[in-house]
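Below is a structure I'd like to ask you about.
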Amino acid sequence: MSVATDLKQPEAQPSPESVKMAGRNVSVFYGEKQALFDVDLDIVENQVVSLIGPSGCGKSTFLRCLNRMNDTIDICRVGGEITLDGQDIYDKAIDVVELRARVGMVFQKPNPFPKSIYENVAYGPRIHGMTSTKDELDEIVTTSLRRAGLWEEVKDRLDQPGTGLSGGQQQRLCIARAIATKPEVLLMDEPCSALDPIATAIIEELIDELRERFTIVIVTHSMQQAARVSQKTAFFHLGKLIEEGPTEQIFTNPHHQKTQDYITGRIG
Amino acid sequence: MQFWLTLLVVLLVAGGLFYTGRSRAFAITGGDATVLHSKPEFHGGMVLIAGLLPAIFVYVAWLVFYRYFADSSVTAQLATELSGLTALEQESFLRGAFNLANGQNVGNVSDAELKAIEAYRAFNGAANLILQLVLAALVLGGGFLAWRQISISFRARQFVEGTVSVALIAASGVAILTTLGIVLSLIFESLNFFQKVPFFDFLFGTHWSPQSAFEGAGSEASERNSEVFGAIPIFAGTLLITTIAILVAAPIGLMSAIYLSDYATPKFRAVAKPILEILAGIPTVVYGFFAALTVAPFFRNAGEGIGLSVSSESALAAGLVMGIMIIPFVSSLSDDVINSVPQSLRDGSSGLGATKSETIRRVILPAALPGIVSALMLAISRAIGETMIVVMAAGLSANLTINPLEAVTTVTVQIVTLLVGDQEFDSAKTLAAFALGLVLFCVTLMLNVIALRVIQKYREQYD
Amino acid sequence: MTDLAGGNVQEINSIHTSDEARARLAKRYRAEGNFKWLGRSAIGVSVAFLLLLLSSVVSQGIPAFTFNFAQLPFQLNAETLGTDGSDANALKKADYDGLVRNTIRGEFPHVTSRKGKRLLGGILSSGAPVYLRQQVLDDPSLVGGTKTPEVPISDFADLYLKGQITPSSYVDGGANLTFALDDKSYSIVADQPVFTDQLKAAKARLAVQAASLRDEQAGQLRSAAKLEGDIVAYKERLAAGPEADVKERLEKSLEKTEEDLKLVRVRIEQLASKADELDARIANDGLGETLTADMPSALLYVGGGVLKLTSVTNSTATAEAYMPVAEDLSAAAPSDWRLRNMEVVEANRKFSDQEIVWTDELVERGYIRNGFNSIFFSRGASREPEMAGVWGAVVGSALTLIVTLALSFPLGVAAAIYLEEFAPKNRWTTLIEVNINNLAAVPSIVFGLLGLAVFLNYFELDRSAPYVGGMVLALMTLPTIIIASRAALRAVPPSIREAALGIGASRLQTVTHHVLPLAMPGILTGTIIGMAQALGETAPLLMIGMVAFVVDVPAAFSDPATVLPVQIFMWADFPEPAFQQRTSAAIMVLLGFLIAMNAIAVVLRKKFERRW
């Protein structure tokens, strides 16, 4: 069994107050069919947590619960409790629009708007009214593009359509767009699955840098990627959270048989 | 009566041919039909087709060309009587004689007419006799030839199916024929018109009053005519009413589509969509009636109330009602367009924390803009071609203005006014209607083609 | 946790949760709410318009579904008709005109003037004799029998009985009256001022007249001022010493303008004095007034008859008899009489007080029967609204649609089958497809032009005949049917075709035996919808001459006919209120057919639609 060699150094045990988001007994139903069964998971601040597991195991479903994207699906019902900074995000008092400004998302297939690069990144700050002058907006756009590692490549063509970029660049644009709203948590749903290895490598490096500012939850099909980028890993199988723990431990010494099977390639 | 009788005869003949063929097919096998290559029904069908089809072709040809031959024959026989008349007079003389010849009572006619009538009747008699003989010969001959072909290995099925395939192709060709017919007849009559009124005077002239057109030849007539057939006021009126209609239909139709596709509950949709469909299904004459009898007087009285002078045939009333008629059209087209924007864009926008209206206003609509523009072009095309609402609620006299409170006239209204009534077909007025029709056809065609192109390119963008 | 460079936890947290952010959020939600309301009101506009249209049509059309008939005591016997009923020819030629005339005059023998008799005859429909004749021809046993035939009353009498001519109110008698008859005119004296209301109403009318005179006066004053200005201008220019010919022109103009001014001043005088006169009369409360046709009228019911007031003071009046009163009438107690005030003045309506009184009398005598308007549903067009029916147009529409269906259905389905199942994907088929899509969007009036140029002008087919109309509509409906049929054929899964071909069926057999039956429900639905659209078409049929005034119900495809929407179009032009009602009723009939056809299509679709 060969796993990527440059594992991250195991972090110290997280103190309870730096848990950014937590799920307790989270279940998801699509109509009559249950997709997630009683998931308990903590997400610690400024950490990268990766959710791994075979296709259809519920990891994307869980991810989408964290910013209430499941609300857009009529027949979807979420049970249990999910908190952000201790507050239940499904509470009536929490506004979903505000939540999504604080918990950003990058999707599997890059989906830049058919607007200019500038407008793509400026979209979030604009609608949330985060700036009052053009200069402030320019500043946010520039910063976000820099942090997404795209600035050098597009600084001379900010008014060109975002859809004209390559796949990898588009995804980085989407990352810039997501972080422009200055979220606290960044959700990434298989962000590299549609990209070539070079673009993938660029984005994985990016994730490491972004970790300093944001808490990141990433769903990935690639165990190697999980091993490379995350400090904590959670393994899902058939809608249940089988095992979770420090990445190194999961990959070198899993406690659960199913986890072992998955890692060795016997299932999924 | 004669129609039904002929129909009966044709059916009987067809049945007879079919039965003959089928029996023969059975007969040659000595009872066991499975030996045949093709089922007996196909043999019967073959005999039927072979017998009837040539006869049908000949009959149709006779219908089309008969009149020409009859006229030629009678003209030759009455050469002396017709020598003093102009071509037009000859034509009308012959037509009159022809109608009398086919009617019952002749009444008082001149000698020349009597001779013509008798000539026509004689020709009719002879032609009918020949026709009946020819048709009978074709039916019997064709049927017999086919009957002789019937054998065990004869591929009757191929024959029948081949004929049917050709018939199917012909059916599809009707569409092309129709378009050809439209284009040719419009162009032909318009060319006649442009001989009387120069093209540029028509297209760019600003004075339209066909009532004062002169008939007959002569430079004075043609000079006068080129002054009264200037179509600019009509185009302007059409534009004014269409603009009002689109100003009404575009926002309402678009917002309806947005609300129904993104906000409405299924129950609401189940009620609202049928209502829009009902609105779309109401005949335009009903809209016109409502516009003329309720909406226009309402605007006039309202105008009087606040001191404005509103015509009782205001462009506002007609345009408003036309706009409402187009709402379902715009709504359903916009609905298609909005739904074809990929869900990933919606998700991207929601994921950033946008409200639904922000997503729609800032992402969906700009992305769908080409499609919406194309939908509006189709709506404009529809509005331009609309007839009944404007005939009943808009004015009849050309008026070059942008004031919606005044009465204006449109292309379709003029076409109807010029043609409904007893006029000689070749008069400048009647031909003017065809010229207008040509303009209408070309403009709507162009709009439709451009709109469809835009939609195609726009769809490619997202597939 | 370390402090991050370039941003701290507090700052990040508060950007979206601060009060400012919350306020912005509230604003955004308000915008969202407004947007939703915009959407709702957009739909609301459509719904409101539909409701408005339907309610207006229905409320106007419902009265046309009933009609009042007069069952007068027509003497149908050998004497009046010249036959006892056995000779059909004589029955046809009998003088029904005279019979109807005499019968109605027999009911009101006191009407002797020529004008009065003509007015009386106008209460019955002018088509009454024709109607009566039809009844007798249909049932000769009426001659000499006991059954009373009936005839339609006139359109305005019918409107009156439906309460649509004028509202009126009754006032009980409030004083003792004495009557004196002088020639034809009654003088009435009351011991209380019971005619004050009528007098006041008359004065009010005078006030309106005075006001309009003053308006005109003001207008004339303005003209006068303008003319005066012109005169001054001319004088100035003349004083400047112009050339000879210009001077002559100016002098002429000056003269004319001065003349005009004189006339205007005279007119102003006239208007002023008339208006003053009226003002004097209005001010004088007690001065009696003659009740003219533009003042509200009053009827006095007394002594078994009806008197119409011709002039009033507060407590006296003069009147003439509209229905004869008792010969010896000289006095009446309050309980013996009452007044009836008509709200709409006679000058503004088309049914006079005299006609109202006569019609009421017929009702009193039990001759009027209110029943279903069978005329409307069994006759063709007519210039008289009460004799006009929609049946001719309905039959015309039916004949036309039959032709349309017979032509467009086979051709459309055949073309769809070819394009969908057989055609190779090459330039020609693409051309045909593009063609069909374009044809579907061509304005309908262009098809009318095509029909006119080719069918009427070149082939010289009959104008106004259903079969020509059917051909034009068939060309119009063809693209619709082709497109709908192609969609239905496409919906049948390829596996069906493959299975059939696998057994060895030829392509044609596959299509006719397997695919077509499965696609049939969809094809039929599309065809029904296409027919419904064709039913509502008006413009192309106008072009081929179906505007002719068709009285007889058509019986063959070549008889001149009209269709329902064209009938509606023609009737919409007629100003009589009775025609307006019938137009609305015809619209209801048309909408009824359309609803039925669309309902059948929907039911068909629901019942036979398969989810593959």
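Labels A, B and C are assigned to the chains in the order they are written; within every chain, residues are numbered from 1.
By definition in this document, contacts are C-beta pairs under 8 Å (C-beta built on N, C-alpha and C of every residue); 3 or more make two chains touch, one makes a residue touch a chain.
Just so it is clear, the model here is predicted, and its values are computed rather than measured.
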Query = Centre of all protein Cα atoms: which chain's centre is nearest to it?
reply = B
Remark   = In terms of mean CA position, the chain most removed from subunit A is C
Query = What is the distance in Å between the mean C-alpha positions of subunit A and subunit C?
reply = 68
Note = Here the gap between subunit B and subunit C, centre to centre from mean Cα coordinates and rounded to Å, is 29
Remark   = In whole angstrom, the CA-centroid distance of subunit A from subunit B equals 60
Query = Of all the residues in subunit A, which ones touch at least 2 other chains?
reply = 97-98, 101, 127-128, 181
Remark   = Residue ranges of subunit B touching at least 2 other chains are 355, 358
Request  = Would you give the residues of subunit C that are in contact with at least 2 other chains, written as numbers and ranges?
outcome  = 28-29
List of subunit B residues in touch with subunit C within their complex = 1, 3, 67, 157, 161, 164-165, 167-169, 171-176, 178-179, 181-182, 185-186, 188-189, 251-256, 258-260, 263, 272, 275-276, 278-279, 281-290, 292-294, 324, 327-328, 355-358, 360-361, 378, 381-382, 384-388, 391-392, 412, 415-416, 419-420, 425, 433-434, 437, 440-441, 444-445, 448-449, 452
Remark   = Counting only contacts in the complex, subunit C reaches subunit A at residues 1, 4-7, 12-13, 15-17, 21-22, 24-25, 28-29
Request  = Would you mind writing out the residues of subunit A in touch with subunit C in their complex?
outcome  = 18, 45-46, 85, 95, 97-98, 101-102, 127-130, 181-182, 184, 212-213
Residues on subunit C engaged by subunit B in the complex (per definition of touch) = 28-29, 31-32, 35-36, 38-40, 42-43, 45-47, 49-50, 53, 56-57, 410-412, 414-415, 417-419, 422-423, 431-432, 435-439, 441-447, 449-450, 452-454, 457, 460, 475, 478-479, 482, 506, 508, 532-533, 535-539, 542-543, 547, 556-558, 565-566, 568-569, 572, 580, 583-584, 587, 590-591, 594, 598
Residues on subunit B engaged by subunit A in the complex (per definition of touch) = 342, 344-355, 358, 362-363, 366-367, 461
